[in-house]
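Both of the next two complexes hold subunit A, though its partner changes from subunit B to subunit C.
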Partner chain A sequence: MNLERMMHPKSVAIIGASSNPDKVGHIILQNYIDVGFSGKLYPVNINAEGDILGIKSYKRINDIKNAVDLAVIAVPAATVPSVLEECGRAGVKSAVVVSGGFAEVGEIRLEEELAGVAKKYSMPVLGPNCLGIMDPRARIDTLFLPTFKLDKPSIGGVSFVSQSGAVGSTILDLISHEGFGLARFISYGNATVIDEVDILNYLADDDDTKVIIFYLEGAKRGRDFIEIAKRTTLKKPVVIIKGGKTEEGAKAAQSHTASLAGSYQTYEAIFRQFGFTIANDLDELLFFGKIFDTQPLCRGNRIAIITNGGGTGVLATDGLYENGLQVAKLSSQSNAALRKAMPPIVNIRLPMDMAGDADDKRFNAALDIISNDPGVDAIMAIALFQTPGADSRVAASLIHYGTSMKKPMVVVSPGGSYTEVHKRMMESSGVPVYDSPETAAKALKALIDYSNYIDNAKRLYGSGKEHK
Partner chain B sequence: MELIDYMEAYNMLKRRGIRAIDAKYVGSSDEAIRFSGGEPIVLKVISQKAMHKTKSGLVALGLEKPDEIKSSFSDLYRKAQKIKPYRILAQKMVKNGIEIIIGGNTDKQFGKFVLLGLGGIYVETFKDFAMRSCPINEYDARSMVEQLRSKKIIAPDGKSERLLVDLLLKVSKFFMSEESITELDLNPVILHDDTYSAVDLRLIR
Partner chain C sequence: MNLERMMHPKSVAIIGASSNPDKVGHIILQNYIDVGFSGKLYPVNINAEGDILGIKSYKRINDIKNAVDLAVIAVPAATVPSVLEECGRAGVKSAVVVSGGFAEVGEIRLEEELAGVAKKYSMPVLGPNCLGIMDPRARIDTLFLPTFKLDKPSIGGVSFVSQSGAVGSTILDLISHEGFGLARFISYGNATVIDEVDILNYLADDDDTKVIIFYLEGAKRGRDFIEIAKRTTLKKPVVIIKGGKTEEGAKAAQSHTASLAGSYQTYEAIFRQFGFTIANDLDELLFFGKIFDTQPLCRGNRIAIITNGGGTGVLATDGLYENGLQVAKLSSQSNAALRKAMPPIVNIRLPMDMAGDADDKRFNAALDIISNDPGVDAIMAIALFQTPGADSRVAASLIHYGTSMKKPMVVVSPGGSYTEVHKRMMESSGVPVYDSPETAAKALKALIDYSNYIDNAKRLYGSGKEHK
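Here is the complex of A and B:
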């Protein structure tokens, strides 16, 4: 199914558009105006007279003489199939049905009707019961959430796919605080026509998307899902969280194997096998998303920890080993160079505690030497901004090394508002910052696991060799 | 759903290079004594109506002397009358070793899976297992072993890991080639003396 027209429409009809601010159709139209959509907008409402929000309105879709690439449908469920039928007849290229009231509330026949119309016109239809699409680059926003209630993310490389609209809007709101930008948001609801396979298929080839983060409740086409998972992860990382983990299969277990192999276990096996990064909660979805978005792949698990606080370095060491990673060992050259650069109170060994008065000069010297040590695969830099030595110059040093060296780097900076300012500086420059060394270690582990996966996957089936 | 006869399953797997411990149906205690040949054996009642043999007391372990075999045989014979049709299986005893489970399952959506886990009495307690969608390749098999918390117990060195990887690959191949089989349980498989012996088999179609 080709989603190109839906993702990059030049003309959008909003069916159910209204002057009444309480109506979903009003909010959607207002959002399109607010984000500055550059294509043509056509408000459609059967009761419309004159303009809606200052734009000429139409009673019916076929009153619009020009071609319509996308119809956003926000009318009561019962009327959706006939509205979609009119769209089909009028030659509308694609549709997003935001209305709820279909299979999710037991109205299965209504949903089948909708599917039938979509099939008849070979029309890609997103939804129903979804938020639709947000694309800050193309200035598209079908979300029926008032702008002032939701912080909207900036433009970036992370695409976020969510079956659920509620999880979708929450995460979007949080993304804007994580300092990484959005390529596309796709909320696909009941997946009646366009499902997770179609969406992954589109995003796998989408150049704007560097990383995919995904909230999935269930896949409809099992074997196709496996194939698309395999194809997508060869091209870009996918961080996934599955809703409905604890749901128990109703099937009476005939064997030990069957009793262990519950539904979540099955999904988890697929995710692991085909290179998805599993997030265990929504926080991890964001933590993993941002390391993939900004950092290069990592071919080893030897991590150099530098810190301006001893205890946090100890916790970081624990975090590494708990995640199957290890503290790197420095070469004798690095040791000698560090000995020269650091004051006598600093013990030259990893994790290296540069002491509370460590300033940007100390951070610079350490990062310069360590980033060039061949025994180091990645760096975890702990910068506690509560210390006397740490200020914006330390953040600048971390930004410099975090964005220019070839090895991945994560920063750990827990703290309040002074820290928050520096965290934002670093994150908006492309350096992932975590509140705890444990989460930073988990993120590094996710990066390393995916890097290992992709190396093997390329060897196994990247070269056209069949997966047998 | 039908449980495939034990010896049929035994032979199907054997043909694909998956070894189970020596076994034979015995119709009398004399036959069981001859099968033992002085080595310790196990007697089990096999019936579609008894899924959990140990729980129902339908297994007698470590029988070596002819007297022991004789009395256990008559005991099992008596108990088995309630769950006809049945047969009595004699198996050689395996030395002690590490128990693992290797299995296969069919998911409505995703199709067939193989599973590897720490076995025996620990299966349900630790739930330490890894699953992959079939067919699996060498990398998948290795990553299954790597994934287990009990990796150091069941595959402490390269040789033991190789053994498991090969076995998993064979099981995946077997499972994929036998279309009608929907579930498979080699539980336990005992790892001992640098080799393995499947002690109980269950193929369901």
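Here is the complex of A and C:
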């Protein structure tokens, strides 16, 4: 299914557009205006008279004389099939149906009707029961949520796919708040026409998308899903969370997006075999997305831990070994250089506790030596900004090494307001920062597992274009 | 060991106090002034002339004519034993040694000397190599960290004990940032004189302390530790994280606070047998602390999930069953009442998805009915503030029910800036808010496990005063 017109429309009709600010169609039209969509906008409403939000409106889609690439449909469920029929007849190229009230509430016949119309006109239709698409590059925003309630993401390389609208909007808000850049957000709801296979197929080849994060309730086409999974993960990492892992969760998913859940064991086996990174909770979706978004692949599991607080070095060491990683051993040259660079009170053995008065000079010296040691595959730098020596110069040091060296680096900086400021400095420069050493260890493990998968998969399945 | 004078001193000498703002002794004296300590303050420095920070200073401790309850010692390690000796001779009642440079860097003899002096004078000594004590009620603050780098906690019921100073200051900052109230923070470093057993013993009987959270690297007195564990958890919950769980982590702990780590399996078995709540990472320490701090005990595992976003209901259901909990079944009366209160589009089966337009009226109705259902042991309310219906009236509804009903409630509200505002509203009113449904499920599980432990332990070991 070709999603190009839907993803990069030159003209958008909003059916159900309204001057009443409580209406979904109003919010969507306002969004398009707010984000500065550069194509043509056509508000459509059967009751429309004159302009809506200052834009000439139409009573019916076929009153529009020009071509319409995308219709965003926000009308009551019962009228959706006929509205879609009109779109088909008028030659509209694609549609997003945000309206709910279909299979998820038992209205299966209505959903079948919708599917029938889409098929008749070979029209790619997203939804129903979805939030649609947000794309800060193409300035597209079909989300019918009040703008002030969500932090809006900047342009970046993460694409986020969510069957659920609610999980979608929440994660989107978190992504933005955490400073991720977004390629596109796709909420696909009941997956009546366009499903996860079509979306992965599009994103696999989408150059704007560097990493995919995915909330899935159930995949309908098993064999196709496996094929597209294989193809996609060869090209870019996919972090996935499955809703409905337990039998009872699956039942809840059934009434939510009418998904066929299947056993999680089966899904998990497929996810693992084909290189997905599995997130066990919403938090991990972000934690793993963040390291893939910013760090190069990692071919080994020897991690150098440096810290300005000993206890966190202990927890970090536990975190590494609990995840099957190990603390790197430095060369004798590195050790000699560190011994010279660090004050006598510092025990230079990794995890190296540089002490609470460690400043940027100490961080610089350590990172300089360690990043050049061939026995180190990645660095975990713990910078506690509560300590006397840590200030924005330490953040600058971490940014310098984190963005210039070839090895992956993760930073651990838990804390309150003062720490937050520095965390944002680092994250906006592309250095992933975590709140706990254990989480940072999990993220490194995910990166290393995917890197190993890629190497093996390329031998097995042939090569794809590599992530980063 | 009697810690009363140390915890509630009427007079404090700061040895190593200085006019030089870079000196630890300066920061500590300034802290005491800043927090408004109401007792007598005596700056002591061998080089002192006249006042330090506007307070009359002394060259030696025995120049002070009045009784000194607590000496905070911040002088170079090598001089600590002789300074402590002077304190003993002068009749000082207790000491906190913040200086590092003892067993943790191999200076074992120096640490033994310190222990010898403490023993000679039967003086309770905290440290060395520690941050000491913070107590917002008693206005005590020995932390030698610049004030602006940490969010400072308000008065509350959580006591936080940390062997590590760095982990301590970090968690303290997080605790404050998350809005917890603090009873006292105790960082005890090398545990040369006062160890974890003494501290738990004190906190078990401390009425200000409702919940203990604990970062432990190693307990030196096994049998005593077990006895005090048993006694403490009967009175109040203890959430514990152990540094040095893995062999390699234990080695790192050895060089950090010179702890004898022992096998984690042994520790874990003891923790479980005697009712500790085990945190697997720093985050869980806070997540579990939060539910114990605010919620009553919970005698069953039947959880009612309500949500304004279906996907999160699915994840929450998974979270419950993965943790051995279950979704509650409502009575037919409750179901009838809900059917009447909710619009037709809402499927009232738990997890109940009240839809994205759910407002405070819908939350109120649901919470009113569900909180009175005898088949419900606790409530997980998911309020996604990204949705059109959720605003501060929804937060007010959750606060009302969360603080007035007898059953435990947890709220799940992940999100960015708009959500944060509402999260803070709820947390400052004593309603625990989590970022993911899976985490909320883990916290409920911890609460239920402890509640069951208490019931069993009372039968086995006799009764203590119950938490809440």
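Here, the second predicted complex is superposed on the first by the 447 of 468 C-alpha atoms of A that agree within 3 Å, B and C clash if a C-alpha of one lies under 4 Å from a C-alpha of the other, contacts with A are read in each partner's own complex, and residues count from 1 in each chain.
In the analysis below, a residue touches a chain if its C-beta (ideal position, glycine included) is under 8 Å from a C-beta of that chain, and two chains touch if they have at least 3 such contacts.
Worth saying up front: this structure is predicted, and the values here are computed from it rather than measured.
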Given the touch rule stated above, what does A:Pro388 touch, subunit B (first), subunit C (second), both, or neither? second
Could you say whether A:Ala269 touches subunit B, subunit C, both of them, or neither, answering first, second, both or neither? first
Quick check for you: in the superposed arrangement, does A:Val167 touch first (subunit B), second (subunit C), both or neither? second
Residue contacts with subunit A in the superposition, subunit B compared against subunit C: C
Subunit A residues contacting subunit B in one complex and subunit C in the other 255-257
Over in the complex, which subunit B residues touch subunit A? Could you list them? 1, 51, 101, 103-105, 107-111, 113, 115, 117, 123-124, 127, 129-133, 135-137, 139-140, 143, 147, 183-185, 187, 202, 204
What does subunit C use to touch subunit A in their complex? 27, 100-101, 104-105, 144-146, 148-151, 162-174, 176-177, 215, 217, 241, 243-249, 251-253, 255-257, 280-283, 307-315, 317-322, 326-327, 345, 347, 349, 351, 353, 355-356, 384-388, 390, 414-419, 435-439
In the complex, go through subunit A and note every residue touching subunit B. 219-223, 225-226, 254-261, 263, 265-266, 268-270, 272-273, 456, 460, 467-468
